[in-house]
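For clarity, chains are labelled A, B, C and D in written order, and residue numbers in each chain start from 1.
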Amino acid sequence: MVQRKLQVAVSGLGRMGARHALHFLNLTPRAELVAAFTPEPSEVAWGRQHLEPSGCTIYTDYDEMLKHPGLEAVVVATATTVHAEQSIKAIKADLHVLCEKPLSTSVEMSQAVVDAAKAKPHLKVLCGFSRRFDTSYREAWERMDSGSIGRPAIFRSQTCDKLDPSGFFVDYAQYSGGIFVDCNIHDIDLALWYFGQDSVVKSVMAVGITAVQPELRKHKDVDNGVGVVEFWGGKIAYFYSSRMMAAGQHDMTEIIGTEGKLSVNANPMGSLVEMSEASGIRREIPPHYYGRFREAFVTEANEFTAACLDDTKLPFKLSGAVQAVKIGCALQESLNSGRKIYFDETGRRVEKAGL
Amino acid sequence: MVQRKLQVAVSGLGRMGARHALHFLNLTPRAELVAAFTPEPSEVAWGRQHLEPSGCTIYTDYDEMLKHPGLEAVVVATATTVHAEQSIKAIKADLHVLCEKPLSTSVEMSQAVVDAAKAKPHLKVLCGFSRRFDTSYREAWERMDSGSIGRPAIFRSQTCDKLDPSGFFVDYAQYSGGIFVDCNIHDIDLALWYFGQDSVVKSVMAVGITAVQPELRKHKDVDNGVGVVEFWGGKIAYFYSSRMMAAGQHDMTEIIGTEGKLSVNANPMGSLVEMSEASGIRREIPPHYYGRFREAFVTEANEFTAACLDDTKLPFKLSGAVQAVKIGCALQESLNSGRKIYFDETGRRVEKAGL
Amino acid sequence: MVQRKLQVAVSGLGRMGARHALHFLNLTPRAELVAAFTPEPSEVAWGRQHLEPSGCTIYTDYDEMLKHPGLEAVVVATATTVHAEQSIKAIKADLHVLCEKPLSTSVEMSQAVVDAAKAKPHLKVLCGFSRRFDTSYREAWERMDSGSIGRPAIFRSQTCDKLDPSGFFVDYAQYSGGIFVDCNIHDIDLALWYFGQDSVVKSVMAVGITAVQPELRKHKDVDNGVGVVEFWGGKIAYFYSSRMMAAGQHDMTEIIGTEGKLSVNANPMGSLVEMSEASGIRREIPPHYYGRFREAFVTEANEFTAACLDDTKLPFKLSGAVQAVKIGCALQESLNSGRKIYFDETGRRVEKAGL
Amino acid sequence: MVQRKLQVAVSGLGRMGARHALHFLNLTPRAELVAAFTPEPSEVAWGRQHLEPSGCTIYTDYDEMLKHPGLEAVVVATATTVHAEQSIKAIKADLHVLCEKPLSTSVEMSQAVVDAAKAKPHLKVLCGFSRRFDTSYREAWERMDSGSIGRPAIFRSQTCDKLDPSGFFVDYAQYSGGIFVDCNIHDIDLALWYFGQDSVVKSVMAVGITAVQPELRKHKDVDNGVGVVEFWGGKIAYFYSSRMMAAGQHDMTEIIGTEGKLSVNANPMGSLVEMSEASGIRREIPPHYYGRFREAFVTEANEFTAACLDDTKLPFKLSGAVQAVKIGCALQESLNSGRKIYFDETGRRVEKAGL
């Protein structure tokens, strides 16, 4: 008996959407890519060339795509601004959903996705925090969980993009929610993973500068940000994000416990080649996050597929994605107000007594 | 129009055969695994469970498998002793062949495969030197080829296995051809790749010891070998192979040129995690070659498939595999005789004048 | 003609004082250690054994020592609480001074040392920020200064001590001024060096926890602190300090500019030995700061000596030491109040408008 | 009571001689540099400027220098060709000797130094194998000696100089004894240290090329050499030496045992600075051996001094230096004859039976 394959559609065939489509098409044996949606003519053309020959129907109307016969799951990989809306529609159409991060740049909209998912408990709804599927991050988590570093107390994490002088990041900033919501959302999600999903934020403080792209200020954004998050119970996470790395993408994390430290990608390498030259010894690093996390995305596709087919648990809860957006938005607000933001032990926002 | 897929069979479902089968089944979009052969009951059982549900027929007779309707290509991944025979049979049955390395532990048998392939120039016949498909080795080659290290002159390469106290390597030694044919064959092949496939060997010398498994001597083998190969034209390759690494698999290579050096995997890492502990800073390394080269095997499967379907050139010539076996066998002979072996400028063996 | 040697005394023969004494005795060719002061009987005994045989007089009264015939310079290496007082006395006695960092835990007292030095412009008065004498920090500074990373914008630096379960750090906390004044003072000084000594602080924010030594709270201190300092003109420095590293001392720094990044000691090593073991590949790191900075201390002794003898400029101005203490104290205050602290463009403290 | 200082003279004020002189002058507290010899006018001038003001007498006649009143020890740092003669003269004059490596490029002359020393057992006679005084090599030895890698079996070591296009190495080759005697002598000495000073050589084989300086052939030398030495009892050492490294000096060593591996300087660094640039991440390495081994030379000076003053044992026996030269010369001979050289279990040279 040949095994049944999950019938999957991808919404959005931009940079990351196209990759998701190819992952489900070629590298997810238990899934079948049956449909894709994009309103962009150039993306439609790409889909006709690369997806249609394998039996995937290209739609230019999202609602039509949702009606594709036999469709079981949708990957939402459009612009962040429509993540929530499309996810909710798919859920209402009784489809499993893998939504790219973040669910939304607004806490309320993110929560709306969670609420929609709660109403359909038989569906799998996953927010695509790709690092959760990365072998090294998982290894680090397991080492921590086994007690190898004692009690985790300090968390440092950065998401640093290669300098892109084209101005891409300036345009992008109007939709991205800002550097803390767009970049550090990954690091915040990791902090919640490693410190425990029920960690309660105590204070948030962020600063930032526009070192290379002053036009970012018009979108209330920066190209380098430093944020510090205190959690109740004696834990601190601090973050750095940047859009001006010279060498390439450098995302890294340290989890520091009472008895040891785990670091992930402290020494990035694009390959295993080192070059000895007149100017010294050199290695190159991946230019973009996909060079670092490609395998994680493929694992994400396969695990999402397996959870849908076998009705097994997803590796993490959707509600954490709201918590991550909440912290990201608070950091972005602190960046712009210049003020520290305080929360009580239930996570409710408070004014600092006595100020 | 849905694209045609290459109809592939795998011969042998042992450790590596099973991996090849899964690569063609799940990770080679343009191929379809339609048949597998193994005489081993336990492997048959594995195949029935993991391959048959996806439409793959399991054979216990190799010749029968060759007759599988529509079959176009065979992956030969049985014991080294039958590599050549099975490859030749498949070629004669007008099938493309991907044969695991080495073609044979004998130069003559290896040459017989090449001769069979020559008689069928429309077929793709590939010897599975997996490192040729590895991203890092390819990057190093391209850097060298672009002149970044000047003229390559010295080549150092090692294949070092994790210590296996089970005695596996002792049994294995009766069929493997010896450590220089089994392990360093990869390094020899790399030397021929980087120095040029037409490099002519000038002398060969090897020594070795049995540091952990003295029983290897009964199969004229060792657990640690050092070999030096001179090539005409002023080039030297030197090799190390070992069966007693404590930390795991450590295969590495240096290509040293007149203006620089390239190293591949000088600092092995099993993941991107580093651990800071009371005893220092530690990283783990892959225990086995598959942990290092998995991606290369998948690329091999995909490129072999594409070459068969599109009738394009394979990335390297089959005849080089004979040259590699010739050098490996000479090293093994030198190890056992204690003598240096000399070749003239045409590669023919000679006695050193004046001895 | 045999060259004249600087006549030097060391005040304090504790851990670091004893080292200074030996550096001046054995590794500073142009200096002669002629006197040492300590009120501690055990330190007197050590001095009698190790210094007296080489012609160094041991004093138990600081003022007496200052009158040692021919004395030209004093190294103040006593407890931080008397740094300023002893330095001022020595300056008033017309002696050159090398004072261990910090000048004082109070901004006012630090300023008093600077004022005393200003009144005697012919004297060399140096605050012993050892990292300023470290080869690697100097190399990084020169690379930055030559424009190799564009304009420096983000500075990250940490001073992390090995866990000392003896309770040493708890006792020490009553005098140290707190973790930001004791540990991060180095990182603050580096930030001022790399960003420019005239950088004006804009805001300061710190948080901290007591992960391993809760008793620190009684001295208003923590064992892990994170601090963020904004400078006017678009520069950010962020710091981490810790008393609970498992592997050893790990002090490191990154200077991130618009065109590149310099890191100092990102990968600490106690020696050049790496160990491949069943548990992986491991290196050890120095247990204490002296293992990392010994050479810098020796360079400091030699350069201080040369500046005194030759009446040449010291490598950096004393006034910066006050600025470093000011920032350190503000971080410590922010840690304890939980509030962010703001400064105007002249560096004067202000309340954030509108709060 | 002020401690007595060893009265030391340095013979030769060339590159390394001048360094020895400064080490004894400035960094060896228990020694006093009282005399120096050089026939070279430019070196005399240097000595007058840098040594004489500190009370060191400059001689242009070696025999005169030996008569310097109160002289106790001589450091022989002239050209290799006169090492042995000067050492023997000094021994006969009843002086302790620290002779730069190698004692001689001839086995007989080296033995003559050992014989002279044997006749004066109260003298300390040391061959300056600087790596024996290096912290990292010592740490590796202690780890090995404590059993951490099981039984050592394979030893790999390289001495690789930065490319010097000036032709220096060609001129130098007429006196150096060849690359195996000049460079790999260090590695051979290390092999004897780690494998045991009484290890008996079983066979020797070397090959080499002139990749960058073909003129070396007229001095029977090469710019890249690979040598393999078998020892009786199942141990192998293999060596690489080169004069064409692009990045700088890279001397490294691996000791591979039945339960682990120790590597020394597998990842060379000139400083603790790493640079992230558009072309990747880069570190520089020391251009010359002195950048790597400066500390070892200083330790050598201090330990030699202490052994002379306190009449304690030197860290290793002089006779090993003869064994190292013997192996180095055999490698050089094998390089030039193209033949493998055999020794019986007493270390006597034999023809391979049956050839």
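Of note:
Here is the rule we use: a residue touches a chain if its C-beta (ideal position, glycine included) is under 8 Å from a C-beta of that chain, and two chains touch if they have at least 3 such contacts.
Bear in mind the structure is a predicted one, so any value in this text is a computation, not a measurement.
Of all chains, the one whose mean C-alpha position sits at the greatest distance from that of chain D is A. By count of C-beta pairs in contact, A-C exceeds the other of the chain pairs A-C and A-B.
Per-chain CA centroids place chain A at a distance of 39 Å from chain B.
As a whole-number value, the distance joining the C-alpha centres of chain A and chain D reads 57 Å.
For chain D, residues that reach two or more other chains under the stated contact definition are 245-247, 259-261, 266-268, 276-278.
Of all residues in chain B, only 245-248, 250, 268, 270, 276-285 touch chain C in the complex they form.
Interface residues of chain A, counted against chain C in their complex, comprise 149, 151, 153-154, 156, 203, 205, 207-212, 224, 226, 228, 230, 234-236, 238, 240, 242, 244-247, 256, 258-261, 266-267, 338-340, 342, 352, 355. If you check the complex, the residues on chain B that touch chain A are 1-3, 25-27, 29, 53-55, 135-136, 139-140, 143, 148, 259-267, 271-278.
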